[in-house]
Amino acid sequence: MPGLRRIVLDVLKTHEPKLTDLAVKLCALDYVDGVNITVYEIDKSTENIKITIEGMDLQYEPIKDIIESMNGVIHSIDEVAAGKRIIEEVRTPQDRVKY
Amino acid sequence: MPGLRRIVLDVLKTHEPKLTDLAVKLCALDYVDGVNITVYEIDKSTENIKITIEGMDLQYEPIKDIIESMNGVIHSIDEVAAGKRIIEEVRTPQDRVKY
Amino acid sequence: MPGLRRIVLDVLKTHEPKLTDLAVKLCALDYVDGVNITVYEIDKSTENIKITIEGMDLQYEPIKDIIESMNGVIHSIDEVAAGKRIIEEVRTPQDRVKY
Amino acid sequence: MPGLRRIVLDVLKTHEPKLTDLAVKLCALDYVDGVNITVYEIDKSTENIKITIEGMDLQYEPIKDIIESMNGVIHSIDEVAAGKRIIEEVRTPQDRVKY
Amino acid sequence: MPGLRRIVLDVLKTHEPKLTDLAVKLCALDYVDGVNITVYEIDKSTENIKITIEGMDLQYEPIKDIIESMNGVIHSIDEVAAGKRIIEEVRTPQDRVKY
Amino acid sequence: MPGLRRIVLDVLKTHEPKLTDLAVKLCALDYVDGVNITVYEIDKSTENIKITIEGMDLQYEPIKDIIESMNGVIHSIDEVAAGKRIIEEVRTPQDRVKY
Amino acid sequence: MPGLRRIVLDVLKTHEPKLTDLAVKLCALDYVDGVNITVYEIDKSTENIKITIEGMDLQYEPIKDIIESMNGVIHSIDEVAAGKRIIEEVRTPQDRVKY
């Protein structure tokens, strides 16, 4: 069973350690294929980032442990994908009404 | 007959169990190829999510049972696709008038 | 002659039977390759849906019969495509003036 | 010489005969590969439609004859493409000024 | 040397001769691979059109001669591409400031 | 070393010589694969153009010399790409804040 | 371990040395596959630029050293990607709320 394939996390972290170190650290998990981190808000001492992780059979707890060990706090899980292939969110006419 | 290929569900659930667990659970159904879950509204005790499921000959009732067993309620079915291949919704000039 | 290849229908239906049943039923027609149904308005007892059907040499009357047998009424045909290959609507500068 | 490859027509027609019949009729012309018809305005007795036709060495007059024989009037030709391959309209910075 | 590969022209012309005839005429030039013509403004006696021509080693003067022989006047050249392959215009952050 | 692969220039020039001549002239440089020129502002005696040049190991000075020899002045370099493959600008959430 | 694959930097620099020189210099690092630089603000003596670098196992410090040696200051790291393949940022419904 391929399990979890993608997870998108909203994270608050201090400026140090740097994004480059966090990304490389998360990729050291052997079930991680790739990590993307973008910054969407910068404050004096903190930054809000979005972390997208893709792989095979991702495990949430070890990912969370690494983020916390690098001064990050997960605010929310914004998207997950699981299964034999990664399915994208499908936009429907209801999106325009609900969102 | 390949039957139902995609179903998009608008679901209200409690924060626990987590999205990661719900996604992996739905993928355990053998006719499911992949699941995508996005969050579009978060409240103190609940969250509104959109679940996109793709596969071959999807069965609605077992999917509904899993969602309910994990503290979710299906509000509506927003899109379905069935057949030999997955057909996307076609946007027409009438969309601008009607929606 | 490959005849009709795609038809997009604006349909009003009661909530029951479900979209999943309607989609599977339409796919039982042997010239249908795939069906997509999206919901664009929900009322207390009815819903407005858009049905996109693709296949080879689609026949309008049997499609209409199935929709009506499942408590649906066709309001309008919003798009059709016919021929050896499915041609998409081409957007032109005049669209911005006329629509 | 491959001649005319695409033609986009703005047509006013009565509701009958149906779009499905008009599309199939146009495809009976042997140089037509495919036809797409979308509705962009519906009145009590008429509808404004956009017809996109693609093929090899399309002939305007026979196309016009079929449309008129099915209660349609061509208001304008909105796009044409000709040649060995179908060239798309290129958007330029001047479009934002002129259109 | 492959020379000029694409040229986009802003042209004012009388309604006659038709776009279909102009497009076919331009394709008769042996270095022309394809022609696309869109209408962006229609007046009582004239129409403003955009002509996109692609090919190998396009020659401006013969193209201009054909357009003028069919009651057209070139207002401006809006885009050109030349070289071994057709390069598209690249959008940059400065576009949002300058245009 | 493949060096410079793309350069996007903001140039002011007189109407003569024509864009077609400038594009062909730039392609005569043997390290140039293709040139695209778009017009984004036209005045009585001058025009503002954007020149996109792609190739292998592009040299800035000879390109500048050709532009100036054809009555053009480079206002700014808006984008460059260098390396084994052409990398596109990546849009990030910070773009919405900063630009 | 392929390490860091993409880094997007927000940099303030003086007009000299030119973007073309900075891009070529960064590509001389053997783990860099390609560099893209766009300008998003120009002042009398400085310019704000966005640098996108892709490669295998990118090292932040040498990149920073080159930028500083060419009169640039890194304001922020706006995006990083690491891993076996480059993962793009995934847009979610939460983006519309948070950004």
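Descriptive notes on the structure:
Letters A, B, C, D, E, F and G name the chains as they come in the text, with residue numbers starting at 1 for each one.
By definition in this document, a residue touches a chain if its C-beta (ideal position, glycine included) is under 8 Å from a C-beta of that chain, and two chains touch if they have at least 3 such contacts.
Keep in mind the model is a prediction, meaning the values are calculated, not measured.
Using the contact threshold fixed earlier, the set of chains in contact with both chain A and chain F is G. Centre-to-centre, using mean CA coordinates, chain C is 48 Å away from chain G.
Our note on geometry: chain C versus chain D, Cα centroid distance of 21 Å, whole angstroms. Those residues of chain E in touch with two or more other chains are numbered 38-40, 50, 76, 78-79, 89, 92-94, 99.
If touching chains are joined by edges, the resulting network of the protein chains shown has some other shape, matching none of path, cycle, star or complete graph.
Here chain F touches chain G in the complex through residues 1-5, 7, 60, 76-90, 92-94, 96, 98-99, going by the rule given at the top. For chain E in complex with chain C, the touching residues are 38-40, 50.
The residues of chain D lying in touch with chain F in their complex are 92-94. Interface residues of chain G facing chain F in the complex, by the touch rule stated above, are 6, 8, 10, 18-20, 23-24, 26-28, 32-40, 42, 48, 50, 52-54, 76, 78-79, 89, 95, 99.
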